[in-house]
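Presented below are the structures under discussion, each in the form of structure tokens.
Each of the two complexes below includes subunit A, the first together with subunit B, the second together with subunit C.
And then the complex of A and B:
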């Protein structure tokens, strides 16, 4: 089913939870709503579910406006962060509950419950009550209940955040596989960018109720629309250097207190175009920072903290009052307190407008 | 040292509850002996229990009074549960104009001394032709205890997560179905607790039946016992403590048994929580 959110605004009293949001979700697509807590992503989900009514704007299912359709008539499956299993029913009854409400014949209910239980491998739990299950099992039951309805739309509200790290990794892959296998249009709410990046076809990044960018994970990573997306997507987050633009001969430099960086060719044209703006923010991801001995480069930094991550080492660096991060191979010779020079990969640099946060250009 | 420290709370509790225990002991001993000197009985007799088989003086049979007490406590409990579980759900879950005001009003009503309403209630009951009826008294008792019932039930509804209710709505329930099939089962411990609490309260009620049901055919056990202590109409004022003790024991026994089996529900009212 195709889901269109058109110019959706949702207010609670004077608080604007979602503002003028438009999203077009294709049939069978897996879309993540990503943002920090309180950004309005759960509000969007509950409005699509029909629990909240839009203050303004429209929700369409396959082109039909459903603003006034009660939740029970929307044929939606939903998994809550708390799983929201009915504690007074057994697992079987939980899964069968939505089907019973539709007055489905008992044999058909049984067939569907068993099929869904088999899909999620919870057949041996059917007689238990939710209170007797582990978190991972409860999550499976909740997903099973949502899927047994054979919904047109699956809504997942942070379904992984109550699982421990190992289980989360498993569930992540499992949900992605199921979604592709069943081809159900799915909206997934999360504050974890790794979850969103790994699972979704497209990600809508929200901040304070406003859509920042709606694109594929690769595009969000390589072409972030603004500072917020650039910082939110990618782990560890992008480094930002704010400075003013100065001309040195034929070269353009970004200069800050105690440091300067010569902008590479690729960024010159866009930097020149906005020269009157004077101040700029240069963005570079930690994985695109290389360290060398201090005499080799113009930007020198002090090694501040070293965090081994196994495959890489995350080095925290100090340039005057700036804190930067570099992700480097583990075979690096420096120790805390050493002075090194920083080299930015000239093919992966970003320039942002410090006032609006908008991306001006990238190399 | 450790032993003394552990034992101290028990010792204090025992000393404090001693007067109560002595009262119960007297009740029990007195009910089975012709006379007592303090707690020392003067022989054993069952004659104090005559009232079980024959009317005592010109009073109605104690079984009629027991039936009245049961009807009053039971009826009042049922109505209280129905009204407070619906009202509490609305106050806990729905947003409507005047909700906060209503909640405060309910709280104030709970704090209001109901004895000041006695005369007004008399007029209301008479106007409704419910004076001297069990239904009338049951309704008055319900009205007076509703604030408590609503607040207790609201606490239980508040503890049910919104997620569960939303899940029910998405799973195909109407609001009413969600209330009946999901919310009510989840607050069942609260309903049980309130039911026990209300029944005991209704069983123990004395003032309302005494004032609003003067006819002896409507007497509840509490009124019956009062009549034993005071002497009935036309009787010489001779107080038979043995009979009072026996009638008292008869009165208190169902409550004690009830408590024994339901105390774990009752505790939830005071603990005030739902355990998943």
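And then the complex of A and C:
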């Protein structure tokens, strides 16, 4: 089913939870709503589910406006962050509950429950009550209940956040595979950018109720629309250097207190186009920072903290009052307190407007 | 040889066992003393105000104590109890009590449930206001409340009820005479419902909203959500209120006393507790019979104890106390 969210605004009293949001979700697509807590992503989900009514705007299922359709008529499967398994029912009764409400014949209910239970490998749990299940099992049961009704749309509200790290990794892969196998249009709410990046076809990044960017994970990573997305997507987050633009002969420089960076060729065209602006923010991801001996480059920094990650080493650096991060191979020879020079990969630099936060250009 | 081995074995064992015992014993008794000390204030209150009156009542019930015999009271064994058994009024009063308790209880708990469900399904502020209003009779003195009912049900041309019904073309009644039970049950029930209302409201509010939302998405109507999610989840509070109200209704009589005094006519609305009160403290021409009244009260205590035990069994209170039934997120 195709889901269109058109100019959706949701207010609670004076609080604006979602503002003028438009998303077009294709049939069978897996879309993540990503943002920090309180950004309105769960509100969007509950509005699509029909629990909340839009203050303004429209929700369409396959082109039909469903604003006034009660949740029970939307054929939605939903998994809550708390799983919301009814504690007074067994696992079987929980899964069968939506089906019994449709007055389905008993045999058909049984068939569907068993099929869904088999799909999620929870057959041996059917007689238990939710209180007797582990977090991972509860999550499977909740997913099973949502899928047994064969929904047109699957809504997942932070379904992984109550699982431990190891289970989360497993569940992540499993949900992604299941979604592709069943081909159910799915909207997934999360505050974890890794979850969103690894699972979703497209990600809608929300901040304070406003859509920041709606694109594929790769595009969000390589072409963040603004500072918020640039910082939110990618771990560790992008480095930002705010400074003023100065001309040195034919070269353009970004200068801050105690440092300057010569902008590479690729950025000069866009930097020149905004020459009248006095200040700019240069963005560079930690994986695109290279360290070298201090005499080699123009930007010098002090090694502040070294965090070995196994495959890489995350180095915290200090440039004047600035703190930068570099992700470097583990074979690096410096220690805390050493002075090094920083080299930015000239093919992966970003320029942002410090006032609006908008991406001006990238190399 | 064997004998010796066995003795040696036993001696060894004895030493092993006796030593830790010796070491533990003083600690246990010290704990016991501390526990007793901490318990004693509460225990004293229970003994003084609950156990002692029951024992006193039982003792009085074995005597012929009355206004006439004061000063020369004698133990007369179980004569008072035999009198209850032989009395032609006993079955009538028992029936009245049964009717009063069961009808008021049903109205009470049902109304409390309806109020709780209604006021949690409307806007919060209106719900709070409505519940606060419903509590007014509880904080009104019983006499004032009963007077209001007396006025409302007064015979035509007085009485609010008749004044409303008259213009509608409906016949007017002397309600307290024609429908004494109806008035008593409603007057009691409307006050009593507020307890259930408050307990059920807090229980309903304690249900995580996710359950309700999940049920909505699962396709449940409001009625189905109430029946299949909310009611099962507040089963324990419902049972508690039912048990508690049964016991308090068994012993209550003040509204009946104030509204009908057990009438109209002969013992028409006389319940057991009121009968005991009448015999023991407020009989005709001051002919109060403390002994007989005490016997009636003792029977009521026995009925209460039996009812409690049945409720404890049927509702498995132990299980309820064991673990919380409304599980959080």
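Definition applied: the second predicted complex is superposed on the first by the 363 of 363 C-alpha atoms of A that agree within 3 Å, B and C clash if a C-alpha of one lies under 4 Å from a C-alpha of the other, contacts with A are read in each partner's own complex, and residues count from 1 in each chain.
What we mean here is this: a residue touches a chain if its C-beta (ideal position, glycine included) is under 8 Å from a C-beta of that chain, and two chains touch if they have at least 3 such contacts.
Quantities reported herein were computed from a predicted structural model and do not represent experimental measurements.
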| item | value |
| --- | --- |
| Fit-or-clash call for subunit B and subunit C when the two complexes are aligned on subunit A | clash |
| First, second, both or neither for A:84, with subunit B first and subunit C second | both |
| Subunit B versus subunit C as contact partner of A:98, first or second or both or neither | both |
| Superposition clash, subunit C versus subunit B, among 1-9, 37-45 or 163-171 | 37-45 |
| Contact residues of subunit A, present in both the subunit B and the subunit C interface | 46, 49-51, 70-72, 74, 76-78, 80-82, 84, 86-88, 97-98, 101-102, 131, 145, 149 |
| Touch list for subunit A against partner subunit B, complex | 46, 49-51, 70-72, 74, 76-78, 80-84, 86-88, 97-98, 101-102, 131, 145, 149 |
| For the subunit A and subunit C complex, residues of the former touching the latter | 46, 49-51, 70-74, 76-78, 80-82, 84, 86-88, 97-98, 101-102, 130-131, 145, 149, 155 |
| In the complex, subunit B residues that touch subunit A | 161, 163-164, 166-174, 177, 182, 185-186, 188, 276 |
| Footprint of subunit A on subunit C - complex, ascending | 208, 210-211, 213-221, 224, 228-229, 232-233, 235, 325-327, 329 |
